[in-house]
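Each chain carries a letter (A, B, C, D and E) given by its place in the written order, and its residues are counted from 1.
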């Protein structure tokens, strides 16, 4: 380990970034001969190691380091690329590494039998390269390049099963929606370049020295901010550009866990954190509103889903909304904190879900069932078969729901509390935002509870097959190890010794966005209680409901009794709360499917029709005029020929008539 | 006075026979009318004091061209003798109203411009009149012309001889064709 | 007094009659005749103007040359017309239209 | 005879050689062509390597490199003066990259024609004549010489499309020819006008020298295109403006811009693969090159005044071309329309009048040069196999021909502007330049830049749609099993042609300085030339 | 009359050296007649040889006149660079025509050479005089020689019909012109159109008569040059006449006529009076219309010879443009003439060669011939390119020069007419592409159904045509080689 300490953080960082690229190239060259994924694995292990010891430790809380090289000169401007290492970037890079590593290990088992596995490793390494490069980019254009590469890699991975029609539809959609954001990003870059004359982050937002004066009230700043936010919106799946993310679940689950939960979607948040100094109040408010809207809508959508991955996808969107709000209220440190914790538990959730799906797929294949292995309605009681998975999943769910002792508790509280402080500071309708966030938190607890109960509790529908001898077992250890690792990361000790005070979390301490809203002491007390209590209540209700609905008669007496005694409440619960909520969820989801996504579809249809019209116009009008012109020439030629009828006297008459006409004109004129 | 009368007589003769010439359908008669027109024209030349031209006109045209024309249609089939216009019973048939309009248009334009011209004759003519540099009836035209041909106009004179030779050979060759077949 | 205008008007008449013949007659020989009339009209002009050109005798000389040229042209023209007659058995120009667009 | 002349006339030697050899030596023609183009490519690389990047060029002869100047035509025309035409060639940072591009694309073109069965003698001879013309266009500095090469280029193309083309080849060939000729004859009139307006300061005679035309001091006061005391108007339009418009029209046909583009889809669709490659790879660039070298350098004042309109045309071309590409059912036609869209960026970049924009436009031209060549080649591969390129007739090709799919995917992503590939640099800097235009007050508003960036989105739409439609999903072909058997994967020759192009796209995407290094000085010089009139 | 006779005779004798080339022609003319009469039956090509020798002598003497500028025969004979160069072009192309005729109509046609020589003499007269009498005689010689030549080989209906149309149309135009000349004479009293009295007379004259006179005069020249509206005869005649004669008709007579017209226009447009205005106006309109009509009408043609007739009408328009843009130097006009002659001669030789092989001049019969006669059609295509005016051919340089001179007129006068001329000239070049390119289109792009076995034969004519093609390219690249 000492050797790492001797190389400069910048070199180390470059190494971290490039190793996966080499892995990708090597895999591409070797092709099918290497299907184990060792190359990628070795690369990511090395990257993680270097990132932790060579980059993160020297940089964190210590110093900001940067190094740049001239890339090319265009006109008089020399574009410099380089590595910018500060707390934010070092943390992000490390996070990417740490999340990627378990996913790599997990994939070895999960993707083992796939035909195109060599491609899988290649794509995965490419993705890691892009993502790692994105984190430490010095130059906005460089950032943009990696940004797009990330999108490209995700395109490849979502469409990994390219013979599956839905998968290729989904990856196309994902890429195109991301492209919309990219254009926003590009416009932002162009605006910054046009006004500041540089794209160098260290020059633009120099923490130490001469910062380029940016008049925050200028119109262009608002536009640039909105443009960057558009980029982040697409990448981080914010309403209404979130439509690609649920579809993107068509890719392998391991991919979903890495890309669409932990890393890529976080890039948008990361971008906003990076260019944060550029934002003025207008932009921040927009970010806030969109974030809240996203968080709320996605949480509601998640309530009514049956597809296990879709629930997680909406959950991700919802959490990203949280982070957005964090940025919007100026607490980008809290946003980063939540990003980090979310990366762990959401990745874990996906991996667990993957394990379940993996087994279900086996079962389906062996028993020749015609079921969707991802459908919650076919699951149940799995805790008996997959106890370890169950434990991991519960840990992750608790973290997501924001239970104490988990990392999620800290980070989520940090955002919600800061939001209250912010709203308190501003007064008025702003208070709606923290209230909505609170509601979202409760909804989150409910839907994740539903997921857990439906999957692991109750009775398994297809038990008969297992009894017949079809093996349905715990996930292999190769998959379990990463899951345990992530489960450990989802608990509070990784982030701070304090159980409850998020301020003491080391990430928060170091990043410190310097929000100086007046502290609401009572919020620090009440909000966690409210959230936790609400979460417990909703879990309880959910547990009761889902368990009870499934087994109304075979439940033991205590519950029946309980139900009897509290019948009305239960009825009330059942009809108004639970059913109402799921009903609302369904309706809203339908709205999302058919209106928001429908709008996307309509828009693409519109573009398509427009293109047809344009082509018709091109073919018949633009080209038609040309052909008409040529035809007219021919016709005139034809008219001229009329004289030429072979009759001598016509010729003479023609010639002399023209002479007479000429004479007439000239003389009478 | 008599001069004028004679002029009008010749002019009238020429124009009327020319009109008749283009109106008549029988080509043989037409050719004889041409004979009259040419004679009348020769007479008119005399009024312009061009006696030698008048003689040449009669010699070359009447003696040469006209005979040639008559020979031409006598050599060919009888069919040639008839004007091939579709016969019309009407007195004034207008088979070629376009041609008539065209010819009349030319005529009117020409007359119009001549009348406008008559107001002021060209300077050179008035100068010639003033300085007496015009041909008089007493001048020996033939001698002067001969002199001119051999001096001032010797070049065209020579060239036209080649021209005539060529026309001769050519015409001969073209008509000889028949025997080749 | 016979002025130049008299000559000019007469020549114009003859010219236009020739023109009519050229345009209207349905016999090629008559077209030649029409051409001869037109040339004669021109010659008349020449001699009329030539009266005032004692120095060069331009008008009269031109007239003589014109007569010669016209005669030669008629000779060649007639030879060609005879040729046509041999091929077409007609000399009505309206019936001779093998060559056209 | 200098290196540049050798570069220009080398293919002509090949032509003569091919013509002299008897028909029995049929098989050697392609080797001759290949050998000579390869030599040429090497030569152009040598030129590129020895180029002094610090010299600008544009309107200073001394800043041009590899210059050759010979008195060519000297004719006394009496009152009009002495006709003075030089054989003047030379390169600067604008033309040299395009020359290298042309030699490369030519090489690809020859490689793509390897299986030409139909009278190879004529085919390769014409190809080599075309080669000479193209080289000449890019290196000529005398307007007369330029025009000669410009027109000579048309003829081989007419025959290449007309004889070796597809079903409607006659229509396509004549349409292509007519369009270009229409532009060029009008250009000829302007050339003549310029000739009378400009005098060579050293000899005092009128001149066709383009560099003299770029210097306002050489204009005769009161002459037709004079800067000072110019009262000439044509149909009420000032003379210099009309001159610019006519020249722009001529080159815009080549670019092509909307609505002068309709020759392009027809020509591309009917042309044989190698000719499509050359058309897209080289000929479209001549339009852009002409606008920079001729329109902008000779009429900097008008360029500064009209760039709003040019940018508008560029944006319209981008969007219109992209929309049309989206509506296509024929793969080749789609790529042809995509060229319209991509070349719209070139126009937008040039019109922005910023260093970034113009450099980006140049870069886009070069990048589009070999990318479109690669795309057309890929279409040709498919067409060779099954003689069909209707998008709906294919599905799931990725399973059948993985290598082919990989190349197509790379080419598609490269041309939709994925970072890491050259097209990205070009398009991004065009957009950045267009945005920057408002800061530089060159008169191109921001909404045009935004419109242009929408083109990037649309290009992703049609390319991805095609990719998804043809290559992914389950295998389903119109021709059934017969097609499945016919659809073999890429062979070595095809890979050999494609690989360098795509590798170059990547290389330039990663190291744009390879181009920018030699380009910058010239671009800055050009901007200096125009700036005073802004 | 106060000049004594010996003096005049001395002047005439002194003028004779200027007339040497023509004297050679006259002598040759007589010799050829005798050769055709007596020697032709024994030695078949004797007249042909005689003709070539005659032309050779004439050219030799012409070469001696290159640097001479003189007037002789009482102002009837002008020798200057225009006339000498034009006569050289005429002489050289007559040689080619003579070879053409000999190759194609070798048998028993001795007299044709005499007529050819006489025609050449007529053209010499046209190109070196400014006297109306000489000009008229010249026109008549050329016309009548042409009539004879068209009818000379008349073996079929078409040829005799062509001859008849030609002779009648020509005679009418000549008559009209003669009438016009009589009026011009009446207006000025002078027959030399470059003389001061001539111009003076025109200045004073009333507009109506001038209009009448000028238009009538232009009618005759228009017939020879076949510009609109006096072009109607040419398609029929070109198509009907034997190809060798068509080649003759489309080139040489135009050279003489255009030189005459250029002199006339130069003289008549030099003042600021109505007649100059009228001349300019006339030439502008006619040039524009001629270019348009020629090129547009050619679009629909299916017969190559007929198409070439329209093509040469179109080129006449450009020649008129060159005349219009007359400045004190003639070089661009002569250059255009050289280019035009070379291109047309080559074209007609090619047409003839193909006619020999396929027996047809229809474009449809060209289908697929490109493969059977690749060299011939390649050369033919090059010539067609030159006819359009695309570099690197002589046609382009010629067009460029015409445009150049027209532009200089435009620049100095700001005349919209000149601008229109330029635009129409440019646009018709584009239109002309359509029909010229029918030749390679049919030959290379189409394939034929019936198999034609191309006879491999290298005739002297083909060699000449190839040489001309090479010249087309060579002069296109090095135009100064034309300007000695």
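In this section, contacts are C-beta pairs under 8 Å (C-beta built on N, C-alpha and C of every residue); 3 or more make two chains touch, one makes a residue touch a chain.
Since the model is a prediction, treat every value here as computed from it, not as a measurement.
K.L.:
Which chains contact both chain A and chain E?
P.N.:
Neighbours common to chain A and chain E are B, C, D.
K.L.:
Identify the chain whose mean C-alpha position lies nearest to the mean of all protein C-alpha atoms shown.
P.N.:
D
K.L.:
In terms of C-beta pairs in contact, which of B-E and B-C ranks higher?
P.N.:
Counting C-beta pairs in contact for B-E and B-C gives the edge to B-C.
K.L.:
Going by the average position of its CA atoms, which chain sits the greatest distance from chain C?
P.N.:
Farthest chain from chain C, going by C-alpha centroids: A.
K.L.:
Find the chain most remote from chain E, comparing centres computed as mean CA coordinates.
P.N.:
The chain farthest from chain E, judged by C-alpha centres, is A.
K.L.:
Once you find the CA centre of chain A and the CA centre of chain C, what distance in Å lies between them?
P.N.:
The mean C-alpha positions of chain A and chain C differ by 98 Å.
K.L.:
Roughly how far is chain C from chain E, going centre to centre by Cα mean, in whole Å?
P.N.:
Here the centre of chain E sits 25 Å away from the centre of chain C.
K.L.:
Can you check how far apart chain D and chain E are, centre to centre, with Cα atoms defining each centre and the answer in Å?
P.N.:
43
K.L.:
How many angstrom lie between the centres of chain B and chain D, each centre taken as the mean Cα position?
P.N.:
Chain centroid spacing, chain B to chain D, equals 70 Å.
K.L.:
I need the residues of chain E touching at least two other chains; which ones are they?
P.N.:
Chain E, residues with two or more chain partners: 133, 137, 140, 144, 147-148, 151, 154, 164-165, 168, 172, 176, 186, 189-190, 208, 211-212, 235-236, 297, 300, 434.
K.L.:
Among the residues of chain A, pick out those that touch two or more other chains and give their numbers.
P.N.:
Chain A, residues with two or more chain partners: 641, 644, 646, 648-649, 652-653, 656, 663, 667.
K.L.:
Would you give the residues of chain D that are in contact with at least 2 other chains, written as numbers and ranges?
P.N.:
Each of 178 in chain D touches at least two other chains.
K.L.:
For this structure, give each pair of chains that are touching.
P.N.:
Result of the pairwise touch check is A-B, A-C, A-D, A-E, B-C, B-E, C-E, D-E.
K.L.:
Within the complex, which stretch of chain E touches chain A?
P.N.:
Checking each residue of chain E against chain A gives 164-165, 168-169, 172-173, 176, 207-208, 211-212, 215-216, 219, 228-230, 232-233, 235-236, 278, 293, 296-300, 431, 434.
K.L.:
Which residues of chain E touch chain D in their complex?
P.N.:
My answer: residues 327-332, 371, 374, 385, 388-392, 396, 399-401, 403-405, 407-408, 410-411, 414, 419, 422-423, 426-427, 429-430, 433-434, 437, 440-441, 444-446, 478-480, 483.
K.L.:
Which residues of chain E touch chain C once you look at their complex with the stated criterion?
P.N.:
So the residues of chain E in touch with chain C come to 1, 132-133, 136-137, 140, 143-144, 147-148, 151, 154, 156-158, 160-165, 167-168, 171-172, 174-176, 178-179, 181-183, 185-186, 189-191, 235-237, 239-240, 297, 300-301, 306.
K.L.:
Would you pull the chain C residues touching chain E in the complex into a rising list?
P.N.:
4, 8, 11, 15, 18, 22, 28, 31-32, 35, 38-39, 41-43, 45-46, 48-49, 52-53, 55-56, 58-59, 61-62, 65-66, 69, 72-73, 76-77, 79-81, 83-84, 86-88, 93, 96-101
K.L.:
Please output the residues of chain A touching chain D within their complex, sorted ascending.
P.N.:
71-77, 141, 144-146, 148-149, 152, 159, 162-165, 168-169, 172, 175-176, 179-180, 182-183, 186-187, 189-191, 193-195, 604, 607-608, 610-612, 614-615, 618, 622-623, 626, 630
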